[in-house]
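The following pair of complexes shares a single chain, chain A, combined with chain B in the former and chain C in the latter.
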Partner chain A sequence: MLWDWQFAFSILPQILAALKITISATFAGFLLALILGMLFMFLSRSRVQPVSVVVKWLVQFIRNTPLLVQLYFVFYVFPELGVSLSPFTAGVIGLGIHYSTYLSEVFRSGIDAVPKGQWEACRALNFTRSQTWWKIIIPQGIPPVIPVIGNYLISMFKDTPLLSAITLVEILQTAKIIGSGTFRYLESFTIVGVLFFLLSYPASKLVKYMENRWNPRY
Partner chain B sequence: MNSLDLFLSLIKNGLATTLSLTFLSAALAFVLGLLSGLARLSRYGILRAVSSVYVEFFRGTSLLVQLFWIYYVLPVLGFRIPSFQAGVLAIGLNFGAYFSEIVRSSILAVPKGQTEACVALNFSPRKRMTRVVFPQALLRMLPSLGNQMIELLKSTSLVSLIALGDLTYRANILNASTFQTTTIYSLLLLLYFLISLPITRGVKLAEQKLSAGRL
Partner chain C sequence: MTQTAQPMVQYSKVSKSYGDLKVLKQIDFEIGKGEKVVLIGPSGSGKTTLARLLMTLERPDSGTITVDGTPLWHEMVKGKLVKAGEKHLRKMRGNIGMVFQHFNLFPNMTVLKNVMEAPVSVLKTSKDEAREKAEAMLDRIGLLDKANSYPAKLSGGQKQRVAIARALVMNPRIMIFDEPTSALDPELVGEVLDVIKSIADNEEMTMLLITHEMDFALDIADRVAFFDGGTIVEQGPPQKIFYEPESPRLKAFLRRFSRSGLRSGGE
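After this line comes the complex of A and B, so read on.
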């Protein structure tokens, strides 16, 4: 038998410890993505034409280029511009920027789905712009797209192994180090795969459940 | 080296690998996605079970982990796979799972009346699928397939991590020897963007072509 249970259990604590880094990178990156996504959504709706055009192109550009290359860009090019970043920070920024472009589209679709009458009612009732957004539009536009946002959180979680390419020692890099030290890749990489599955499969089931519960009309 | 030389050097050394990898893994993903998408709608429980295990497994784990598993672990189990084939296999299997969901949901989205009309007209099940249901489902799939093709192109950059000489790998090598980091990575981003444009355009054209004469 190739699989060595004893070895697998001996490396498990080390991999679980690295899982903390993976998970904190996921959540930090996602927080940044939510904030930037909101910002991109507002800017692309701007009435100042050049702003909205530039933002739309930027979003398109970021969406159509690989996350891995963007991570290299943040990690290797930013220091040349005078900003040195730790691998963790660079990774969080890269993930955050990449996913913000997806989230801005999700927010946009949510906001666009709010009936036009709501805007007109706000105008008729003399609401200010910020009242209109925060009290009327966002509370109706965002909840229906929360499941989609949840799916992007899961995708981002599955993209965190890319941070190993910019020298962050997260779960996959830890497995690789164990593998190259002991020449036993089977156990370490399999454990990583199983952990990803154990975390993301229930999460995606939860998202599906939310989708059915909140949007029964579809 | 000036930027033009760097650009040409990237294209000369890495473009062919990136493009052929994209093309071959997309072909594999299409075949797998079609087969497993149809299998999930099959009458036979065993086909549905096999296909959903495949889909959930490959969607539930990370592509990079799958790639490393194929490249580092399969040789331990006795299957030695060169890096190019490992890349095609990992990306094809991974995206096949995503394509499968697209195929399944588009077929389910074709109105039931179409199937009923085929039954009423005494079409064989095969004819029902190939002549009536699938052509309509294909039109529904196209926008999602187009998005996934862009995702697939982007994910080919991961093979640089198993030392396959694609654009990203060549850029890293070039960076190590010339230190023109800013230029190289900016050009690399631009190059990926340029490759993605014809894909977006092609999907739009296919959509127009297929929807011609339909309501």
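After this line comes the complex of A and C, so read on.
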């Protein structure tokens, strides 16, 4: 089986078009993961015992089950409960919830690293809880963990091919469709792999750069 | 230095435990208006906890604390005394300021912003007015030229002076100093004690100071209270406590600081 350049270039536009789906699923999923991750972090610190216990258990459960299983659940099981979702929406929700559990742990470790004295100084100066969080704690706690969060973004990007299992036509699925139509798999899968590399590698370099620039920060 | 009929702070049968450890045992203690009280004692004796309860950093297990006649940790709701809610605590907290052993400056803000932030956010002072007051306060402690620096660039003594400015700019009626110089290199202690002395020169300021600087306590204290094992063992004027101690435990504690070794205020 020899590499056919002409064939490779002919299928490139189709794959690149699907890349848009891959990238938008990544960003939408990550946005959801960030928001839910913050929410889970706050709730796990709640002084209302039942809330923090339930949230902690939920986070552990989702972290310790495979993303693929969760995607199947959202796409195939939810309709039986009356909620029918498109592959894109189901994919974004599955990615978002799954990664929010990792991010909530990351946020928590960042916040826990802020010295207790900062909380006490805020109380002594009579800041409200909200002011304490947004002016003092989060600006200190979050920047050091941004590189870790960046790595999770890259991870999520590389997980998007899983969404082909719930019929989303992103780049992997596109490659499979081309392959089964032309019986040429070499070029399509190679292009998909190279595209992932071309985006992931510089991104991971950027994350490394951020890590060196921001740690130590103070 | 005047002591009027109603004390500024009154602890009544205050107890606090951490798990099995009883840190404060049924403490009765008063601080008069404008009085400067120094707490001394070995670590774990309860003096820091006493201060922290006043600053509402911890809740007493039992007993009451009143500030200028008003209960701190309790409030009157429909004629009944109940555990105070956050609103009441915030109202009371406005009267009290605290300076910590490890400064606790906000590293993500400049010195000026550290001093301005609370007046703007909490007292709702305008930014211009807050800036003016902050600059005046920094000038008073000799750190105006560091206004735009970040705390990381300051020495320990400078950080602590900024921390004092930050607390003072909120106009508290009671200032608490929890071992303000214990974390400083010896040559930096004097500049901080000078600032605290200038605060003590204000007759109206009620001060609670926890320190091992005995010379300084002799200089500014109206009363010294010796804590040990969760109770006040002995209290009285500094001259008496340091030079005519009565209880054996106080004598043993003072022996660690021999007469010639009493640390001087700096220079």
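As a convention for this text, the second predicted complex is superposed on the first by the 214 of 218 C-alpha atoms of A that agree within 3 Å, B and C clash if a C-alpha of one lies under 4 Å from a C-alpha of the other, contacts with A are read in each partner's own complex, and residues count from 1 in each chain.
Methods note: a residue touches a chain if its C-beta (ideal position, glycine included) is under 8 Å from a C-beta of that chain, and two chains touch if they have at least 3 such contacts.
From a predicted model like this one, the values you see are computed outputs, not experimental measurements.
Trainee: In the superposed model, does chain B or chain C contact more residues of chain A?
Mentor: When the residues of chain A touched by each partner are counted, B comes out ahead.
Trainee: A:Asp159 in the overlay: touching chain B, chain C, both, or neither? Say first, second, both or neither.
Mentor: first
Trainee: Could you say whether A:Leu67 touches chain B, chain C, both of them, or neither, answering first, second, both or neither?
Mentor: First partner only.
Trainee: Between chain B (first) and chain C (second), which does A:Phe42 come into contact with in this model arrangement: first, second, both, or neither?
Mentor: In the superposition, A:Phe42 contacts neither chain B nor chain C.
Trainee: Touching A:Leu172, do we find chain B (first), chain C (second), both, or neither?
Mentor: Touch status of A:Leu172: first partner only.
Trainee: So, does A:Phe88 touch the first partner chain B, the second partner chain C, both, or neither?
Mentor: Touch status of A:Phe88: no partner.
Trainee: Please work out whether A:Trp133 is in contact with chain B alone, chain C alone, both, or neither, and reply first, second, both or neither.
Mentor: In the superposition, A:Trp133 touches no partner, neither chain B nor chain C.
Trainee: Residues on chain A in contact with chain B in one complex and with chain C in the other?
Mentor: No residue sits in both footprints.
Trainee: Show me the residue ranges of chain C that touch chain A in the complex, using the header's touch definition.
Mentor: Within the complex, chain C touches chain A at residues 55-57, 90, 93-94, 96-98, 100, 102-108, 117-118, 121-122, 150, 152, 163, 166-167, 170.
Trainee: If we count contacts the way the header does, which residues on chain A are in touch with chain C in the complex?
Mentor: 115, 117-118, 120-121, 123-128, 131, 135-136, 139-140, 218
Trainee: Report the residues of chain B in contact with chain A in the complex, numbered from low to high.
Mentor: Touching chain A from chain B are residues 56-57, 59-66, 68-69, 72-73, 76-77, 150, 153-158, 160-161, 168, 171-172, 175, 181-182, 185-186, 188-189, 192-193, 196-197, 200.
Trainee: Note which residues of chain A are touching chain B in the complex, please.
Mentor: 2, 61, 63-70, 72-73, 76-77, 80-81, 158-162, 164-165, 172, 175-176, 179, 184-186, 189-190, 192-193, 196-197, 200-201, 204
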